[in-house]
Amino acid sequence: MNIMNVLIISAHPDDEVLGMGGTIKKMSKQGHNLHLCVVTEGASAQYLDKKMIEVRKKSCVKAGEFLGISSFNFLDFPDMGLEAIPRLQIIRKLENIIKKINPEIIFTTPKNDLHLDHKLVHESTVIACRPTKNKIKKLLCYEIPSPLINQFNPNIYENIELEIEDKINSFQFYESEIEEFPHPRSIESIRAFSKVRGVQSGFKNAEGFSLIQSFQN
Amino acid sequence: MNIMNVLIISAHPDDEVLGMGGTIKKMSKQGHNLHLCVVTEGASAQYLDKKMIEVRKKSCVKAGEFLGISSFNFLDFPDMGLEAIPRLQIIRKLENIIKKINPEIIFTTPKNDLHLDHKLVHESTVIACRPTKNKIKKLLCYEIPSPLINQFNPNIYENIELEIEDKINSFQFYESEIEEFPHPRSIESIRAFSKVRGVQSGFKNAEGFSLIQSFQN
Amino acid sequence: MNIMNVLIISAHPDDEVLGMGGTIKKMSKQGHNLHLCVVTEGASAQYLDKKMIEVRKKSCVKAGEFLGISSFNFLDFPDMGLEAIPRLQIIRKLENIIKKINPEIIFTTPKNDLHLDHKLVHESTVIACRPTKNKIKKLLCYEIPSPLINQFNPNIYENIELEIEDKINSFQFYESEIEEFPHPRSIESIRAFSKVRGVQSGFKNAEGFSLIQSFQN
Amino acid sequence: MNIMNVLIISAHPDDEVLGMGGTIKKMSKQGHNLHLCVVTEGASAQYLDKKMIEVRKKSCVKAGEFLGISSFNFLDFPDMGLEAIPRLQIIRKLENIIKKINPEIIFTTPKNDLHLDHKLVHESTVIACRPTKNKIKKLLCYEIPSPLINQFNPNIYENIELEIEDKINSFQFYESEIEEFPHPRSIESIRAFSKVRGVQSGFKNAEGFSLIQSFQN
Amino acid sequence: MNIMNVLIISAHPDDEVLGMGGTIKKMSKQGHNLHLCVVTEGASAQYLDKKMIEVRKKSCVKAGEFLGISSFNFLDFPDMGLEAIPRLQIIRKLENIIKKINPEIIFTTPKNDLHLDHKLVHESTVIACRPTKNKIKKLLCYEIPSPLINQFNPNIYENIELEIEDKINSFQFYESEIEEFPHPRSIESIRAFSKVRGVQSGFKNAEGFSLIQSFQN
Amino acid sequence: MNIMNVLIISAHPDDEVLGMGGTIKKMSKQGHNLHLCVVTEGASAQYLDKKMIEVRKKSCVKAGEFLGISSFNFLDFPDMGLEAIPRLQIIRKLENIIKKINPEIIFTTPKNDLHLDHKLVHESTVIACRPTKNKIKKLLCYEIPSPLINQFNPNIYENIELEIEDKINSFQFYESEIEEFPHPRSIESIRAFSKVRGVQSGFKNAEGFSLIQSFQN
C-alpha cells in the first residue's frame, strides 16, 4: 500500500471523530499522512461564551493528535451560519487547503443532512474537488449520527473492530460535547451505531461511508 | 384509548419479532387484539429438511403467544418464491384475512427491500388495503434489519424501553434462527438497532416504522 | 382523546387555511388548543402598499378565530425573502414559540415546494423540533395547492366532510387573496382539491398531510 | 398541424377514457387518426361471469367511437395477471401493433403505479418503442386516478375545457364500471381531477401527462 | 409550424452554446425569433481582470448572432454569486424580460446541478413562469456538460446532425473559454456528448433536453 | 498491489465488453485472475436460428481471451426471459459460481435499467453477495450503453486511455452484434461514451462504474 496524503474536512470540531474516528486511527496505523480541516468554529451558535471556540479547538487538536492527525486547519466560519457566507469564499478556502496539502483522498460531511452546515460543507467540497481543478483520486463522505432526519446509506464499510476503543477515547477529549445516552453524542450511541454498521457489513464494529467519486488512473 | 383489532403481516416467521417485537408486546399490554398472518412458510429455501417448516411455525406461535398475539394465520406460500405466485392469489388471501379479522390497523413488511418476499408482501398488502375495498384506518411497515442494502427511513418511532427484554426473549423461541453477532439475527444486533432507533427519537430503545397511509375519520 | 396543544406554522397568512382549514376546525370542535405562528408578513413582495401587511394580519386573525384558533404569533419576516435571513434566526424564533406553547403536535408547510418560503419554513421547523431539544410528539406538513410544480404525496388523510364549508367560509375572510378559478386561491379550487384528496381516501372531502416524524412514548 | 397516427395503449378497457378521454376527443376534432390497444381483458379478476369480458369490450368500443377512435385492438391478456405472462410476449404483441399502425405518437399507462397491470404495460411499451426498433416521435403516459398510492407528477397539461362533457359522456358507456363518489371511477371524481389539473395549468379543466421521450427530427 | 418567440436563459455566457447551440441554429433556420438572457456576467469569479466581463459579452453576442439570436439581455448578476442575491430580485428581472419578449417557449439551465448558478437560474425561471403569472406554453431545460456530478436525464432529443458544425463554430467565438480535451469546454467534448445523446435517440448528433412543463391550449 | 480473483457477471454475451472491456484488459495487464459468468444465452429472443447461441458463445470466448479472461461460465438462462425463472434458481447458480471462483471483487450489470435481464442479474448478484453468505470485498456495476431510458450515474471512473483500442478490437469478435452508428452497439458509439465518461473524470477515455458495496477489513 502506498502512503497517501489524506484530507478530512469537518463542519464542526467533533464531526471527524463521530463520523470516522475509527477509520482515522486505522489510516494512521497504516502510515498515511492525515490532515484535518474544520470549516466552522462550531461553538458560537450553541454557547454564549466566546471562550468555547478555543475550548473546542483544543479538544479537536487533542482528539486528533490521539488519533494520529498531523495538521489542523481551522477556517473559523460561523457555527450554524454557513448559508450566509458567499459560497465562493468557502470554496476558495477549501481549494487553498487542497492545494497546500495535495491529498489523494478526501473525506467530507454527508449530503442529505438537514443540518445546513453539513450540507454546505459537502457541496463546497465537491465543487472544490472538480476534476478540472484538481487530481483528487477519491472523495467520500462519512456519516454523522444525528437526531435530525437524514438518509445516509453507506456503500463503503470500514472494519473498526480494533479501533472502536480509540474512537471512544478520542471523543472523550471533547468533554463539553459529551451527552447522556440516548443523545447522539454519547458513548453508548457511538457503540450502537458502530455495531449496526457492523451488522450490515459482517464486522463487529464498522464505520459507514458513501463514495462520491473515484478517479482511477 | 380504544381497543383495536391489529393485524401484523410478515413474510417469514420471525420478521414480526425482529421488526416489531417490542411494539407487539406494548400493544398487548395496552389491551389490543393482535393477529398475525405469515405469508410464506419461511423454511424451504433455507433448509432441505421439510420438518423445518413445522419447527418455524411452532417457534412463531410460542414467540407470538409470549408477546400476546392471539391468532395465527399461515398462508404457506413458498419461502423465497413469492415472485412465482400469481400476485392476485396473494392479494386475495390477504383480503380474506383482512375480512375475517377486520383490523383497524395493519403492519406489514418494508418496501425498498432487496429481499423479494419482503417487497412483494409489502406491495400485496397495500393493494389489499386500498380504500375502495376496506376501511383500514392505518397501514404501516416495520423495519427488518438486514445484511442486504435497503433504505428504511422511519418516520414513526415507538419507545420500547420497557419491552426490549421481552423482544429479545421472544426471539429466543426461534432457536433455529438465532445467529452469532454480527449477524442481523443475533441478540446483540437486536440491541444495537434498538439503541440506534432510540438515539434518533430520544428514547433508550425504540422500533422504527414508516407510515404508508392513514385515513382519519 | 386527550386535549392537546397544537401549533400550526405557516409561511404566509392564508397557508394555514388553504392547507388545513378543515382540519383546524375539526380539531377545534374536538376541544384542542390551537395556536398559529405565521413566519413572514406575506404581503411586501406582492403589494407596494405597506398597509397590506396589516390587512392580511387582520384577515388571518378573523379567519383563525372563525376556525377556533386561540393565539396568533406573527414573526414578521419579509415575504418571499426568507432565504436572505440567517437560518439560525428563524430557527431560534420558532424554538421560542415552541417553548412558549409547548405543543404536542406541530403542523408546518410542505417540503418539496418551489416556493422558497414554504421550503425554508419546513426545514427550519424540522430543525427546531429535533428530539434532543424538544419533546414534540408529532410533526406533520400540510399541502399548499400551488401553480408551481411540487410533489406532495400525502400519507395522512383527514376527513373534512363536515368542515369543508367552514374551510371555505374562513378563506372568505382573506378578501384580498381570493382569485377567480382556476387560480389555486379560488373557492372552486379549494373544493376540487378537497374532493381529489377525498377520492384517494374514501371520503367525500379530505385534506392531505405528510407525516414527518412521530415519537410515541 | 400535420395529421398524425396516434396509438393509445391501455391496460384495461376504461383506462383510456379515465386517463385521457378529453384529449382523445380533442385530437379527434383536430383530425388525427386514433387507434386503441387494450392489453388485458380487464374483467376476469373482478367478475366471475365470463360475459363481462364482452360487456367491457362493447363499452370500450362505444365509448371510443363516441370520442373518435377508429380502430380497436384487444390483446386479451388476463386481467390483474400480466406479471405471470412472459414479458417478451407482451412486448412482441405491442411491437406488432406498432408496426401495423405506424404511429408518430403513443400514449401509455403511468409508471409509478401500484397496480401491476399499469406498471407492466408502461414498461413493455417503453421497450417496444426503443429507438433502435421504431421511429416513434413521442411517447407519453396519462394519469389514472386511483385509490392506490402513486406519484403522478404531470409535466404536460392539455386544456380540455371544451371536451370535459364529452369525457364524462364517454365514460357513461362503461355502465358496469361507474361507481358512486368518492370512488375514483365516479363522475364527480372525474370532474374534480380535471379541475385540479386545471388549477395547476391555468385552465378550467385539464388532463395531465408525463413525457417519457420525444425524438425531434 | 407557427413562428414563435423563444427565450433562452443562461447562467453564464456560453451555457447557451454548450447546452443547445445546435437547436438554436435549427430554430433560427425554422424562422423563430430567438432572444437570449444571460443572468450573471460569468467572468468575475474566474478572472481578476474586469475587462473579461466585456470580453465574454462580446463573445456571446458574436456566437449568438452567428446562430441567429436577435436580442441579448445581460442581467449582470455576479458570477458564482447568485445565492447571495435576494431571490425575489432575480425572479423580478426574469419576469420583466418575459414580459418584454412575451415568449411562447423558454429554455433554461438544468436543475440537479452542483453549480449553484445553474441551479438558482433554473429555480428562478420556474417561479417566473408560474401559470398564474404568464402564459408560457413550454418550459424546458438544456444540458450543460460538466465536470461536476449531475444527473441530467433528457426526455427530449433534438436531432442536430445538420447543425453540429454550426454549434462548434459558434463555440469558437468564446476564445477565452475553449480548453483542451478532456475538458468539458473542448471541441472534442462537444462532439462526444452530441454523439452519445444521438445514440440514445437514433440520430447521429443530438442535444438532450428535459421538459419542465407544457401547457397545451 | 495484490493479485485478486475477479468475477465479471453479464446478462448477455457482449455486456462485459461494452460495459468494461477496457477495464478488463487493464486488470489483466495488472495480473489479476479474471472470470466471466454470462447469465443468459443472449440469442434466442433475437434470432430464430438456434445456432446463434453457439455463435455468440464463441464470440464471447474469443473476445474474452483477447482481453485476458481465463474462465468462462455460461448459465444458459433464456434471453429476455429471466423474469419467468424462479429468482432463487438464478441466485443459487450465482452462489455456486462465487463459491467456485472465490472472488474478492465482483462486477455486475446496472440496476436502473429497463432491460429486465440487466435489472434481474443485478438484483440476483446483490443477494448472492450478501455479507452473511460470502466475504466479497467489493461489488460494482458497470454501464451498458442503451437506447432505453436509464439513469446510470457513475461514481467510479477507470482511465482506459491505453486500453480503448483493445476494447474496440475485442468487440469486433462479436461480428453478429456490431451495428452501424448511431446504434449503441457500434464502434463510434463505444468511442463517444468512452470520451464522455472521460470528460467527467479528466481522462481522455474512461469507463464508468457505480459502487454497490465495499467491505474493507
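All chains are identified by letter, namely A, B, C, D, E and F, in their written order; residue positions are counted from 1 within each chain.
By our rule, contacts are C-beta pairs under 8 Å (C-beta built on N, C-alpha and C of every residue); 3 or more make two chains touch, one makes a residue touch a chain.
It should be emphasised that the depicted structure is a prediction, and the values quoted were computed from it without experimental measurement.
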For subunit E and subunit F, chains touching each: A, D
If a chain touches subunit B and subunit F alike, it appears here: A, D
For subunit A placed onto subunit D, the superposition rotation in degrees, Cα atoms, nearest 5: 180
Remotest chain, subunit C as reference, centres from CA atoms: F
Copy pair subunit A, subunit F: interface residue numbering same or different (half cut): same
Subunit A and subunit E: spacing of chain centres that average the CA atoms, whole Å: 37
Distance between the centres, which are taken as Cα means, of subunit F and subunit C, whole angstrom: 52
Subunit C, residues touching no fewer than two other chains: 131-132, 147, 149, 155, 183-184, 200-203, 212-213
Touching chain combinations (by label order): A-B, A-C, A-E, A-F, B-C, B-D, B-F, C-D, C-E, D-E, D-F, E-F
Residue ranges of subunit D touching subunit F (in the complex, touch as defined): 86-88, 123, 126-127, 130-132, 212-213
Residue numbers on subunit B that touch subunit A, as the complex places them: 145-147, 149, 151, 153, 155, 181-184, 186, 188-189, 191-193, 195-196, 198-204
Residue numbers on subunit E that touch subunit A, as the complex places them: 45, 80-81, 83-84, 114-116, 147-149, 179, 183-184
Contact footprint of subunit F on subunit A as seen in their complex: 131-132, 135, 155-159, 200-203, 211-217
